[in-house]
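Just below sit the structures, each encoded as structure tokens.
Below are two complexes that have chain A in common, paired first with chain B and then with chain C.
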Partner chain A sequence: MKYAYYPGCSLECSSAAYDMSVRAVADLLGIELREIDDWNCCGATEYFSQDELTACAVIARNLALIEPQLDQVVAPCAACYLNLRKVDSLMKEDPALADKINQCLAAGRLHYDPGRVRVRHLLDLIHTDIGETAIKDKVVQPLTGLRVACYYGCQIVRPYDGFDNPEQPVKLDELMTWVGAEVVDFPVKAHCCGGHMTQISEPQAFELIRRLLHNAAEYRADLILCMCPMCQLNLDAYQNRVNSFFGTNYQIPIIFFTQLLGVAFGLDWKKLGFGKEIVPAEPVLRKKLTAPAATA
Partner chain B sequence: MVGTTLELRGSPFLHEIIQEVPGGERIVRCLQCGTCGGSCPNGADMQYTPRTIFAMIAANQREKVLKANTMWFCVSCYFCVSRCPQKIPITDIMYGLKRIAIRERMYQDTDAPALAKTFTDLLDKYGRSFELGLASRYYLFNRPIAMLKMGPMGLSMFTRGRMSLVPTKIKNIEQLQSIIRKARELGGTQQ
Partner chain C sequence: MAERVGVYVCHCGSNIAGMVDVEEVARWAGANLKDVVVARDYKFMCSSLGQAMIEEDIKKEGLTRVVVAACSPHLHEKTFRRACENAGLNPYLCQMTNIREHVSWVSKDRAKATEKARALVAAAVERVKHQAPLEPFFVKVNPATLVIGGGIAGLQATLELADAGYPVYLVERTPSIGGHMAQFDKTFPTLDCSACILTPKMSEAGQHPNVTLFTYAEVEEVSGSVGHFRVKIRKKARYVEEDKCTGCGICVEKCPRKVVDHDFEAGLGYRKAIYTPFPQAVPRIPVIDVESCIWFERQKCRACEKLCPTGAINFDQKDEEITLDVGNIIVATGWKMFDCKKIPQYGYGRLANVFTALEFERMCNAAGPTGGKIVLRDGKTEPQSVAIIHCVGSRDSNHNEYCSGICCMAALKFGHLVLEKTKAEVYSFYIDMRTNQKGYEEFYHRLLEEGMHFVRGKVAEVTDAARRPEEAGKLIIQVEDTLMGKQRRIPVDMVILMGALEPQADAKELGLKLGISCSMAGWYTERHPKLDPVATMTDGIFVAGVCQGPKDIPASVAQGAAAAARVMAMITKGDVMIEPVVASIIEEKCSGCRICNNLCPYNAIEYDAEKQVSRVITAMCKGCGTCVAACPAGAITGAHFSNEQVFAEIEGILWDAVHGNGGAGVKEGQPVSA
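Up next is the complex of A and B:
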């Protein structure tokens, strides 16, 4: 199985653990990820706030750069996934806009036919294209006894009709059950972490983060799994700031779902990017996971 | 049209929004049911909820809407959109309001436009940008005090190799810049 791969800026540095674990897990599952050569940043939400046509054109360059023999692209970042999908669908719905976007692309000798590439999120790909049997086959370290809260955030499940329920999604819960983890109830699983709100207004941002941590703690989760770099950053890097703001003492490790999949598949923890999270995840994994011994 | 509840007559601002936002014409079907505001994680901190904003747009209260904090508190979570019984592209309308407010410098008391500009300036220059949730460059150059406040966290991110101060540059930056220039020429806004 071959897919074009759009890592996005966050995976280059602040969420390198996501990129490392995505590549390691994909490799093991026989998924060939072909990184789009010379991709550019998708502009997150920031270009749409300023200039719509430029926002679309910048995103469309990435779609246009996808090798002609590939017809699907996978993005691990929620915002990247949404942006690629949004531009493809805007172009399909509005031929006049599609034409304008292609005029912009033509200035760089590129072209994109709306609908040519199907935009997928990584979770969908692993859950649907690989599936239960193949996943279960690869498990060498069942995650028995490990209590995980599956956090979906917003843009993977909304607004586009996708592969999962927009308010109470289950695909990651299912995937984690396949590898033996105990999935806890997490009613706020598709609530918002605030996105870039930490940069705009801390009290509001911290309250959104606090609610998520509180809910996971109430259900005695050992850790929270994320599938978006910004969600991970907000919950992990800001956790101590949130604690001092509210006088709380949460110490919940926040990791990417691919990191935990990699653990179940027996991959080397260092190659999965462990150690980069601010609230350390390794102690709880060591405590909860018994034989075969974890490689570290 | 069935379900048209907002009065179009007499609101040039409503027509402006329809022009600005793809799918914006659906705004006239707003039922004023309030589902959007009730679903919004930041609804309580908004001066006016999305529902109220749509009523104000229909009433042509242009200045009041563009000076409101509502759209700057919108974090694009799309909760309202997935629940709106009339399929109104609420989040995209919020983006549209941000764009008009930025073009006309109508915004008040918010760092959001400066953050967005710093972010996309880097994209224009390098083809890549910084981690939006850290906004290190923005803090370094615009708000040294805030950067200090971020201190220990910035440091722990840095020691884990999770924070860079300069983005990487793509190979064919000229190509990206030609595309951006063309987009601005074709009606994008010059910032």
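Up next is the complex of A and C:
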């Protein structure tokens, strides 16, 4: 299985653990990820509020760069995934806009025909294309007893009708059950983490983050799994600030779902990027996962 | 000898004339189409003056064929056929072409619409010339009627017919008649007891000398047509012999296996493995549920058999197939409730104290699992606050676009019951309040005065994720109050979801057996939405109650009675006219291959083994044409739809293309373009 791979900027640095674990897990599952040559930033959410055409063209450039023999692209970052999908569907719906975008791309001798490439999120790909049996076959360290809260955030399931229920998604819950984890009820699983609100108004952003941490703590989750760099950053990096702001004492590790998949598959924790998170995950994992990988 | 064709183009007020140049179509037909001797347009061709015009032309001009370009033949084919008959012309020599539904109502460009109308008229003219005079025939109407579904609509129809002295077979799929109404406690807006008004009708149907009940039975197969249907029903094995059982109930009492009752008690209560759904069930004959019976599970027990005083338990009973001959069929199969789990953000199935409307009905019922007490899922705690969410699965483009009609009133009824029985605050979350029947708006006002809280807004989610201390342990309703223009979070103890009314899961399947169609939403389609609400497009089959679309009890009862009246009219008349539009087999050409035998959807073709040819049973043939198309020898002809007629119609519609200008059916030497 070959897919074009669009890592996005976050995975270069702040979410390097995501990139490392994605590559390690994909390798093990036989997914060939072909990184798009010379890809550029998707512009996140900000560019669209400045100038739609430029925002679209910046994103479309990545789609246009995908090798002609590949017809699917996978983006692990929720914002990148959403942006690629958005531009692809905008171009489909609005041929005039598609023309303008292609005029922009022509300056770099590029062209993109809307619909040529199917934009996939990594979770969809692992859940659907790899599937239950193949996943279960690879488990060497079942995650028995580990209570995980699966956090989807807002961008993966909304606004486009995608691969999961937009209000109460379940695909990551199912995936985690396959590898033996205990998935806790997490009613806020598709609520917003605040995104870039931390840069604009801390009280509002912190309240959104607190709600998520509070709910996970209420259900006694050992850790929260993310599939979006922004969510992971907000919940992890701001956890202490949120604690001092509200006088709380949450200590919940926030990791990427691919990292935990890697653990279940018995991969080397260092290669999965553990240690880069701020609230450390390793002590919790060591405490909960009694049987070491080697003996499993 | 050339035919003399008259063409009549209707304006239909502005319905057709507003988009089609009808005068031009008539002028053009008269000037250009071969054999057309008269062509006229008229404001309303269906009026008595319009009909008189046609009749007069037939007599004066010696017309041998008539083409009417107007609305759908569903509406006025009979009218114009009658006009022809009045003037001495065989009615099957009249052809209607639809330039309203097929042209003016669906077009935006006047020139193109006129061009299309012209083509359709040309097609009808070409076709009608090949039509042959046909004589309708008559069949006797069997006075027995089959009613499918023993809910309130079916019961009403059954009793009306039985009281009028006609035999009725009532087939019900569950072990008892009564339907959903038997589950309810009170009925809106009068708050009279549902059981008190329903059970007299149930027992009347159970004891009526003209009614034969088949409960725990399903319709398997329907053949024949109006006047003489033949229906196969499968009586599922009850494992209790009906003639021996006295309904004493010892078997139920002594049965050691108790299971959750997902049917009558909506999952809120229990039943035994041998059970009658509720105490007033008709008939009072229990049923063994093979899914939960210990004997069927591991060949042990048979306590019921040992204790039955009349020896009525029979573990060897098999499903029984029964064939019924009836003249008419009334379909009253009702509805099922929307699966509230399809809207996960409302938490049904995940959050214990979220209930469906049907669960709540059972909870309110004095004979229900809680004895009529309104309590949380723990079975004892009385709620201090209750939220009722409207339109769960209705008026929602993700699920059902239609309004379920009854939920606003049912929600008000629930509000009243909660206020009456508990000290709880009650909130209704509605999009629009719809209370437009007699006494309904007054009931709404009553609830406003009783202190029910009304919040206008679609609930975003029901969650147990508390944000503030006062929300802890509660179910929080997150909603935009569109009257205040504010987001609100309202913590409550109990949530009731007013799930949509949906067609039965197998409504389409039964529709196929009966030859009646369903709307996009899955409700049975009536013959005319306003003027023929209980008939269907299939003669002799009528619909009543919610299976035709969401409605309340009074409307279901009215439809049940209406359907019965329609059937009585058929029985009283005694015979019914059958359209002579049927297939016939030319025996000399038939090779006896029998391909048509199996293809016929109406089982109307029999095989003569001696002569080795197939033969159409005319009274059963519906003229669908399947056999005509399938016959490899071309031995079958469909009257009124012969190859000749259909090809002539196609050539007519392509008048300007078949041979360029001056194509088929165009008068020689005439300019053909408009």
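Points worth noting:
Everything below uses one rule, namely that the second predicted complex is superposed on the first by the 291 of 296 C-alpha atoms of A that agree within 3 Å, B and C clash if a C-alpha of one lies under 4 Å from a C-alpha of the other, contacts with A are read in each partner's own complex, and residues count from 1 in each chain.
Here is the rule we use: a contact is a pair of C-beta atoms (placed from the backbone, for glycine too) under 8 Å apart; a residue touches a chain by one contact, two chains touch by 3 or more.
Quick caveat, the model's predicted, so the values are computed rather than measured.
In the superposition on chain A, A:L70 makes contact with neither chain B nor chain C. Residue contacts after overlaying the shared chain place A:E167 against chain B and chain C alike. Applying the stated contact rule after C-alpha superposition, one finds that A:D185 touches chain C and leaves chain B untouched.
Number of chain A residues touched is higher for B, counting chain B against chain C. Within the superposed three-chain model, A:L105 lies in touch with chain B and out of touch with chain C [touch as defined at top]. Once the two complexes are overlaid on the shared chain, A:V284 sits clear of chain B and of chain C alike. Contacts of A:V139 after superposition: neither chain B nor chain C is touched. Of the two partner chains placed by the overlay, only chain B lies in contact with A:L97; chain C stays clear of it.
Looking at the shared chain after the overlay, A:N215 reaches chain C, while chain B stays out of its contact range.
Within the superposed three-chain model, A:L28 lies out of touch with both chain B and chain C [touch as defined at top].
Applying the stated touch rule to the two superposed structures, the overlap between the chain B and chain C interfaces on chain A comprises residues 167. The part of chain A that touches chain C in the complex is made up of residues 165, 167-168, 185, 187-188, 211, 214-215, 218. Against chain B, the residues of chain A that register as touching in their complex are 9-10, 12-16, 38-41, 43-54, 56-58, 61, 90, 93-94, 97, 100, 103-110, 154-155, 158-159, 166-167, 191-192, 194-201, 204, 208, 229-230, 233-234, 237-238, 240-241, 275-278. Those residues of chain B lying in contact with chain A across their complex are 22-23, 41-42, 45, 72-73, 75-79, 81-82, 91, 95-96, 98-99, 102, 110-113, 115-117, 119-120, 123, 127-135, 138, 152-153, 156-157, 160-164, 167-168, 170-172, 175-176, 178-184, 186-189, 191. On chain C, the positions that touch chain A within their shared complex are 343-345, 347, 350, 461, 463-467.
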